[in-house]
Amino acid sequence: MPQLNYLAPSTAEEAVKALMAANARPLAGGTDLLVQIRSGRVKPDVIVDLKGIAAAKGIRGEAGGFVIGAAVSGAELSEHAALVRAWPGVVEGANLIGSTQIQSRATMAGNLCNGSPAADSVPALIAARATVVIMGPDGRREAPVEAVPTGPGATSLGPGEFVLEIRLPPRPANASDAYLRLIPRTEMDIAVAGAGVNIVRDAAGVVTEAHVALGAVAPTALLVPEAGAALVGSKLDEAALARLDAAARAACRPISDKRGTVEYRTRIAGVLARRAALIAYERAGQSA
Amino acid sequence: MSETLERPDLKVVGTRPIRPDGADKVTGRAAYGADYNMPGQLVGKVLRSPHAHARIVAIDTRKARAIPGVKAVITGADLPEVASALHQGGEAASNMRDLAMNVMARDKALYEGHAVAAVAAISAAKADEALAAIEVTYEILPHVIEVEDAMRPDAPVLHPHVFTEGLEAKPDKASNIVKRSGFNRGDVAEGFASADVVVEGRYTTQPVHQGYIEPHATVASWGADGQCVVWASSQGQFMVQTYCAKVLGLENSNIRVIPAEIGGGFGGKTTVYLEPLALALSRAGGAPVKMVMTRDEVFRATGPTSGSVMYVKLGAKSDGTIVAADIELKFQAGAYAGSPVAQGCMTALACYDVANFTITGWDVVTNTPKVAAYRAPGAPIAAFAVESAVDELARKLNIDPIAIREKNAVVSGGKAPYGPTYQNIGYVETLAALKASDHYKIPLGPNQGRGMAVGFWFNIGGLSTGAIHVQEDGSVVVATSNPDIGGSRASMAMMAAETLGVPVEKVRPVIPDTASIGFSMLTGGSRTTYATGMAVVQAAERVVADLKRRAAALWDTAVENVEWKDGVATCLDAAKPDARPLPLARLAATAGRTGGPISAEASINAQGAGPGFGAHLCDVEVDPETGQVTVLRYTAAQDVGRAIHPSYVEGQVQGGAAQGVGWALNEEYVFDRDGRMENPGFLDYRVPVASDLPMIDAILVEVPNPRHPYGVKGVGEVPIVPPLAAVANAVRGATGVRIPDLPLSPPRIMAAMEKAQG
Amino acid sequence: MSKRHVTTVVNGDQAEFLADPAMTLLDALRDELNLTGTKEGCGSGDCGACTVILDGRIVCSCLVLAAEAEGKRVETIEGLAHEGLHPLQQKFLEHAALQCGFCTPGLLMASKALLDANPDPTETEARYWLAGNLCRCTGYDKIIRAVLDAAAELRQARAA
Amino acid sequence: MAHVTLNAECAAFTGGATEFDIAADSVGRLVTELDRRFPGLGEFVEQRMSVAIDGEIHQDAWISPIGPDSDVYLIPRIGGG
C-alpha cells in the first residue's frame, strides 16, 4: 500500500475541510476504495473516515420518509424492520452487494459514489426517487440520486463535497418496490444487468405510479420514464409487461465486456424489469 | 457409502478417526508458506512483463540499486545458463532450461506476467519503489494466444529453435507446434463404413486455474558458506530442492527445504516460481528473503491448464456398439513446451473398448503462462469432448446414456486404448452404482436436465520413503516426505497402526525436511496413499519382524515361536510356559538389551498402481429467459480400491466434482486485445461459492488393488474428469441445445437457445 | 507519514500497536501481533480467508484499515477455543470439513457469527451466509454438514 | 520371448515397426537390446517412456522383471496433478 494519511473527523464541516485540503477521498465501508488503492487505480494522499460523524450514522424516520446516514452498512439496513417493510427493493439491492463480510461494511452512499454503472443499490434508489444530502465548502445541498453518478468511476461531486445522507420519500398505501440482478453465480458477482421497480397501486390494483431504473446497461444507472409509464393504468397484464420489456430494452446502451455482451445485457434488462415489476406489484398489494 | 470388503480383520483401515494434524488447522496454529519468518529477512518482489510477447532489449537497474534500503536487484543475467535437459523432478519430465527461463526471462518475455527482474529490500514499500525504478526496454512483438491461431504457418513464432517433432517429414521451418503425438488401432475407415450412425463435433475449452486459496509463498536463506535453507509451500519439498539446484547450479545436499503446510495445490504447486529467486536475492542481499505472491500474480504468472480445440467423430451400430473413433486434440502449452495433450490422448477413450480408432494430439506453445499440471492433466479436457459426443450418440440412437457406456465398457482383461490390458478395474461397478442410486430415480421438472459422464485416470506409484520410529514408551512416529494436502497424514498413521497392530492414536505422523528423511517424489498423480503408504507398510513390517526377533531373544526361543497380534508378542513355545506376553511398550523399554533403538525406513519405487474410474450424474435447471444454470443434484461414483479413511476419500471426490462444475459453468481466462488477462482475481475468475452447489453424494465403490497391502488405488484425480461433460450433457437435456464450448456462461447459453429457436 | 498508535481488544485482551496509515487490519494482526491464523488469499475481499469478527460482525480484515480498529473488539481464530475446542472446531474435524485447511480459519469465524445470529439455519441459509468464504478442496458438502451439526449441538446445550 | 509393442513415437527409431518378440527377463535388458537394434532408442525410452508389463505400468523400471511370455507395452510417461 502506498504512503497515505488517515483522518477521522467528528463533524461534517471538519470532513469538508479535510477533503478540500489535499488529494483526499472519503471512506465509509471502504470495500471499493481500499481495493482500488491497493491495485493503484486511485492514489489518494489522505483518507477521510466518515464513520466518526454523528449525522452520517443511523437510520431515522422523518416526515413519513427515511433518512439513512452515509456510513450505514447494508447489514444495518436489513436489520431495520420499518425500512425493510417500506422499501424491500432498496434494502435487497444493498444486500446483494458482495458477501456477508462485505455487507457488514459496504454502504449505499459508497456504492453510489464509487460510480460503477453496475452498482447494485443504485437502481432501486433511483426508482424510489430518493435524494442525497451533499455537504461541501458551500454548505449543504440536496440532489436526486441519479444526479450523482456521471459515468464509469465518475460523479458530479465537486471539490470537498461528500454525501452525508440518503433520503427516501414518504410511502403512500399500496406501494412497494423490488430489485433483481443477473449474475453468473449465485453470489459474489458484479451485476451483468440490474433492474429496480417502484410501484404504487390503487385499492382496485390499478397502477397509479411506477418508476423503473436499470443498472449495468449504460455508463450510469438509468431512470427509464417510458418503462414506468408502460405500467401506469394497468394491472400488469401481458400487454403492459411487454411494453415495459420493450421500453427497458430501448433505453439500454450497454457495452460488451468480460461479464456480458451488448445483446445479452439488453435482453436481460427487459426480463429483469418484468420480473421485478411483478414482485413490486405483488408486494404493493400486501403493503398496508 | 462404502464398506470394507473381504477384509473383516481390519481394525483401523476403513474407519474415520480425527486427523492427527487437525487441531492446529482449526485453531490457526498451522504454519503455511507466508506464516514463517527468518531473523533479518528482506522483502522480495518481482517485476513482471506487461507485454504478452516482447524481446528484452535492455534492463537498467542502476536507479533501483541506488535507493537506500534496497539490498539486491537481479535479472536473468544474474542467473546461470541452464542446459536443455529433461528431468524427472515433478512427474512428467520437464525441461530444466525452460523451467529456469520461466522462473526469470532471459532474452524474451513470452507472456504478460513473465518475471523479468526481482528485488529485495528492507520493506515492501522500498521493494515497490525499487521495482518502479527499474527501466526495461522492450521490443514489443505480435503475440498469439488461441491454439489454432498459434498453429497457423503465419503465426508469430515464440521459439526460433522449435521444429515440430513426430511428423513423418522433418520440418525445416520453426513453428509453435512442438510435437504431434497419438496412436491408433484397427482400420478406422472400415469402422466408419460399417457404422449405422455417426456424430461429429468441434469442442473448445478455455485455460482454467487450479484456484488454490493460498498464494505461492517462501522464505529462503543463502548461507555465507553456500548452504541454503528454504521454507516453502509446495507439493514436494524434494521437488523444490531439485529444481532450485538445477536453476541455480547448486548441489542438492546444500539446499534443505522445509515443507510448510500447503494451502491447496491440485498440481499447480508441482513446480517452482519464487524459491530460486528468493535464494538468488538472498545471496546478493546477504540476508534471508521472504516472497509472497499477490492473487493477481498467481493468475497471471502461474500455470493454468491448457485451453483447447478438439475434433471428435464417433461411429456406432444401431445397438450402441461404438465401431470407430477419430479424435484430434489441440492443447495450449503456454510459453514453453509441455501441455498434457499426450495424457489427453491416452485417456480420451480409456473407458471404451473400441476396435478402430485414431487419436492425434498437438502440443502448441502460446503467449500465455506456462501450463502446469491441474488434477488429472489433460483428461478432463479430452473427456469433455468425448463424453459430449457419446451423449449425442446415445440421443441419436435413443439409448440410455448409462446403457451405452455399459455396452462399450472396458473390463478387467480387456485392452486399454493406450496399450496394456486392464487388471482389477472397477469401471462397470461404478456404472451399476450410479444406476442403483436414488438420484437416478428422481423425476425431472420443467427446464431441468440430467447429464451423465465417465472418467479415468492412470494413478501412478513412483519413488517414496516411509519411516517408523518406535519411541522409548512404545508410542510411534511415522515419517514420510510427502506434503499433506488432503489428509494423507491420517492415512499414513492408519496404515502404520494397522500393520503394527496398535491404536491409530498411538501413531503420530510427521513430514520432515529434505535433510531428515529419504527421497520421495512429490504429492501428486494420486500416488501418495498408494506409493508412500506402501513404503510405510513395508517399514512397519520390518519393525514387526524386528520386534518378534527381540521378543524371541528375551524369551530365549526361536523367532518362529513368536506371534505378533494387536501390538503384543505372545510366545507359542510349549517349552516356555511362563513366557509372559510382551507388549510394544515393554519391547521399546528394553530395546537396548535387544540390539538398540527400534526404527526402520523403507525407500521404494512403488509399481503396479491401479487405474481409477468414475461415473458422475448431474441434474441442472436452466432459466429459459436468462440462461442461468442451477445445479440441483450431483452424484459421483468412483472405484477407490479400498478407502483407508473414507471421509477424506469422499472429500477428494466432492472437491474434484466441485472444481469440474466450476470449469464447466463459469471459470475461464479472459484476455484483452493486447494479450493481457482481464480477470486476474476471484471476483471475475469465478470459482464456485458455497451457494452455487448442492450436497455432492460420493459413492465409494471398492474393487481392491491386490498390488497394495490394503488394496489402495489412487483417488485424487479421477473425480475432476467426468464433471465437465456431466454438466454439459445436463444443460443439453434442460435446453435441448448442444453447446460444445466451455464455460457454459448465461450469455453463451442464451445465445445458443436463441439460435436454436431460429 | 508517521505511524499511528492503535489500541484495540483482540480475543479479549488489550492489544496496542503502531500502524502505518495504509496498513490493513489483516497486516496488523499478522505482522504486528503475530496472529498468523488469519490468512490472506486475495487482498480484495473476494475469498474470505481473512475473515475476523469486528464488533460482532464478520468482515474481511484485508478491507479494513488497522486505524479503523481503534477502540473496537476483534475476534480471530486464535480466540475461538475456550477450555477446549469450540463445537464448530470439533465438528469440522469430525466431519473432515477441511483438507488443506487454508480457508478453515475464515470459515470458522464466519460460521460462528452465523450461529450467533441464527441458531437454527437451513442448509440454504448457511450456504448463502458462507458464500463469501471460498474453499477449493472440499466442494463445501462436509463444511455445511459440520456447521449444521454444530448448530444442533449448541441448541441442545442451550436447551439443557 | 516377451511380446513387445512400441508406441508411435518410438517407431521413428525403428523405421515404423512397432511389434517385436524379444528375449529379455528385465526392463534393463529389454532397453539394452532395443538400443542395440536401434541406436538411440534406449535413451529415448529411458527418458520419455513408461513400461507396461502384463497390464501393470512401471515407471523408472530398469530392474522390473519381465516374464518369459509377458505382454509388454512402451507408453508415454504419465504425470499427474
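Chains: A, B, C and D, in written order; residue numbering restarts at 1 for each.
Just so we're on the same page, a residue touches a chain if its C-beta (ideal position, glycine included) is under 8 Å from a C-beta of that chain, and two chains touch if they have at least 3 such contacts.
Only a predicted model underlies this, so the values are computations on that prediction, with no experimental measurement involved.
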*For the pairs B-C and A-C, output the one whose chains share more C-beta pairs in contact.*
B-C
_Length of the line joining the C-alpha centres of chain B and chain D, rounded to whole Å_ = 26
_Between chain D and chain A, distance of the C-alpha-averaged centres to the nearest whole Å_ = 68
*asked:* Please output the residue numbers of chain A that touch at least 2 other chains, ranges allowed.
replied: 2-3, 39, 186-188
*Out of chain C, which residues touch more than one other chain, so two or more?*
43-44, 46, 128, 130-133
*asked:* For chain D, give me the residues that contact two or more of the other chains.
replied: none
*Pull out all the chain pairs that touch, please.*
A-B, A-C, B-C, B-D
*asked:* Please output the residues of chain A touching chain B within their complex, sorted ascending.
replied: 2-3, 39, 182, 184-190, 192, 258-261, 263-264, 267-268, 271
*Within the complex, which stretch of chain C touches chain A?*
1, 4, 20-24, 43-46, 48, 51, 54, 57-60, 62-65, 67-68, 70, 110, 113, 128-133
_Residue numbers on chain A that touch chain C, as the complex places them_ = 1-6, 8, 27, 30-31, 34-35, 37-39, 47, 49, 51, 73, 75, 98-102, 104-105, 186-188
*What does chain D use to touch chain B in their complex?*
5, 7-9, 12, 47-48, 52-61, 64, 71, 73, 75-81
*What residues on chain B touch chain C, complex-wise?*
16, 18-19, 22-23, 25-32, 34-35, 210-215, 261-266, 292, 294-295, 485-487, 645, 647-648, 650-651, 654-659, 681-683, 687-693, 695-696
